[in-house]
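Per-chain numbering from 1; labels A, B, C and D assigned in written order.
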């Protein structure tokens, strides 16, 4: 009936399935509380600095498309964009979003307009100036963003989404012109560059948490809750396993191999 | 606005990038013009890779994935070439190649031209073959693992597989004693762990770009990969196989340019701390 | 001596290489040309390889007696309805098959290869009965792995409160060390790639006749192209 | 009805297809041949993916075509050239085959050289990044810097040969802190991937459906 050697894995898959669905159901009733994310906490300060200097804030969500497996990172980036837009509207700071995906333009415009409206300043929002389609090609996009950075010298630069080889290019350019930077991506190869250059960092899964927290979407927040329970389970299994191994028993390891 | 006078530390920090690039280009060109022949130590992973192939029983069949793109060719090409030399020198091993990268078949041709298999008396279709680029990455791995012939009936040139003697009795993952993947993509290097090691426990050797090594390390630690090397270690493989080529040639350049990087970090930090301690805080 | 076609190929490849590198200094028209060639070539090549698969694998199976493949061809063509403003939804059916395969293949093995196998490997690390250095290394390994998993727990804020905050700090230190290592490895990768191109320029292109003359000419043209139009000494542009 | 057909049915297809692959892997039920069903669907997937490889070119034709029609200043000649390149690749690739000498020539002269160069050009930015940004600002960045320098030194073959002490240092950094931190990230990411898979299967992640009408969004 069950394939030997894969029984535990199947059981685990079912358990995780239950965690995720359960998390979503519970989140529909009450949103889970999130821990502090250092990167997000820095945002008001970053916007405040832009207000002092009178320079704009720059935002990018990197590459990737909404209909691929990069969509969830892109969506997380857009949630942060909405939040930052509201902060900027409140402090009277101009925020410019550089767009790579033409399909994201209308969505981002809506999000930003809503943010300005909820800050009580819908008249301050100028879509044409603030939502800029740069290019749909990686390096053309990168050089357009670089050009923007050098012309307008934004006080802050925020990069959240799926980033590829352009990550280093952006981070270095904005560092050079003195922008304070927050960056986050779940693409493992690019995190080190952001870690080296940027002032604040959202590491890997943190961007999903940030997106879920800011968007207050019960599906995403509940899904993260379910994953958290999965992580707790992983921790328990590892600790029990290490203790058993130290005691000379391989009971847990044999169970995992079932 | 008051014009601030620049301190030496400011100047040091603000070296224009064109100057930095210039220095970098020079440090690439000089060792190429005047080769030094620095020594290259062999690392344990490369040795383990070499031993794995060396210990294969005669008659084994290996699956090789040319999963790299042209961008990574300078790094992974020399590794692929050196390993083919080793396999052909050892003899008695059949190599079936496929590609999960859409440039793979073209890069296979490049590698084979460099290897010149006829010097070892090896023939296409008898000792080695390429069954083509197959789209879908993980779907391709899973499909080929189940049945090669249900997936593709021809090699990369369009000739039916059954016309080649190498394919006699070779059709699924269980027929392969070893899996080797050269790749520039995480989907490939990780995909083979999922679709072949996890499913069929095929021993797996993986060569990736140096920058991908860290994310792949947990697989090696968990025993899912026998040996994980970076293409940058091709020079070491060439030394073990006694066929010095492109990999070893880069040793001088890599040494000089890395020394430059270390120097840049040191100078950059001196400038940073110099500015900090000379009261140049903003 | 290489034949004429090969010489042209080398010249083209060499010029493209120089033009692409020029972006490191400044944007210019040669870079733009090379970049557009690159994007076009990538798209064209990808399409050609797709056709190769459809013909070699799909068609091959079809004429081999697997007539059910006609359904796949129809589904494949339906994928292109995504470009139609009214019938775009038709493309969802073949796309759903693709997404389903991807999700199924990923889920069934990820749970083993990236979750259970990693837990198993960590659980099997020995702290007793090994030499001191190994025990110490294993201890550090276990502490970092556990604290990094712990760090990524988001919805139980209490586990990060008070003194427990130290766990996240350890996790961050561990990850920073890992990122430093990755960074250095990326330098190695990129420099190897640069070496590959320089090697090509110096040992394949420059030995060809006239290449030594062409190189400085190409560089001067590039520098000229990098100067903004209004500041060029010639031709004078009207303001 | 229409929404069910346009929105729900694709999700049902996703669910059923994914479930087939999951069942094939984990269970054997006498009388039901999951394996041959999965093999067939798997091979279908390969052909379907081959069709999607044309999307890039089609997108470019639509997008760059607009530049050409509008004669966008400073852009349209490049757009035209890009489309010409695509056509050249298609004509040569399809007429003489991908393993032909002509196609290999075309590939080596353009795409191969270009992609190798484009990705290597990042090495330049990294150099200035190293110089300007790799600073020991606090403990975290200090740690990153020290590990980075040791790894850089080890990666330089001659430095490692002349200063063999760094070989075990680097090996330890690689085997202990790097592997363990990456493993922690991997365990978290695996759960994230599984959660994404589950959300896709139950129709809570609908990016692949493309644009949704207002009525479909409400569904």
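Note that contacts are C-beta pairs under 8 Å (C-beta built on N, C-alpha and C of every residue); 3 or more make two chains touch, one makes a residue touch a chain.
In this text the structure is predicted, and so the values were computed from the model without any measurement.
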item	value
Higher-contact pair (C-beta pairs counted), C-D versus A-B	C-D
Reference chain B; chain at largest CA-centroid distance	A
Centre-to-centre distance between chain D and chain C (centres being mean Cα positions), rounded to whole Å	6
Distance between chain centroids, defined by C-alpha means - chain A, chain B (Å)	31
Separation of chain B from chain D, taking each centre as the mean of its C-alpha atoms, in whole Å	18
Distance from chain C to chain B - Cα centre to Cα centre, in angstrom	14
Of all residues in chain A, the ones touching two or more other chains	6, 9, 13, 16, 69, 139, 176, 188-189, 193, 195-196, 203-205, 224, 231, 234
Residues of chain B touching at least two other chains	17, 21, 71-74, 102-103, 134-136, 139, 142, 151, 158, 199, 210-211, 213-215, 218, 221, 232, 254, 258, 261
Junction residues of chain C, two or more chains touched	23-24, 35, 39, 45-46, 49-50, 52-53, 57, 61, 101-102, 105-112, 114-115, 118-122, 142, 145-146, 149, 152, 175-176, 178-183, 185-188, 190-191, 193-194, 196-197
Overall pattern in which the protein chains touch one another (line/ring/star/complete/other)	complete
Contact set on chain D toward chain C in their complex	6, 9-11, 13-22, 25-26, 40-54, 56-60, 62, 78-79, 81-90, 93-94, 97-98, 103, 105, 107-126, 130, 134, 139-141, 143-152, 155, 172-191, 193-194, 197-198, 200-201, 208-211
Contacting residues of chain D [partner chain A, same complex]	22, 25-29, 59, 63, 118-119, 122, 125-126, 128-129, 132-134, 141, 144, 148, 185, 187-189, 191-192, 194-196, 198-199, 202, 204-205, 207-211
Residue ranges of chain B touching chain C (in the complex, touch as defined)	17-18, 21, 28-29, 32-33, 71-75, 102-103, 132-136, 138-139, 142, 151-154, 158, 190, 193-195, 197-199, 209-211, 213-215, 218-219, 221-224, 230-232, 246, 249-250, 253-254, 257-258, 261
Chain D-touching residues of chain B, taken from the complex the two chains share	13, 15, 17, 20-21, 24, 36, 38-41, 43-44, 69-74, 102-103, 105-106, 109, 134-136, 139-140, 142-143, 146-147, 150-151, 156-158, 199, 210, 213-215, 217-218, 220-221, 232, 235, 251-252, 254-255, 258-262, 264-265, 267-269, 272
In the complex with chain A, residue positions of chain C that touch it	23, 27, 35, 39, 102, 107-108, 111-112, 115-116, 119-120, 122-128, 142, 145-146, 149-150, 152-157, 159-160, 175-176, 179-180, 182-183, 186
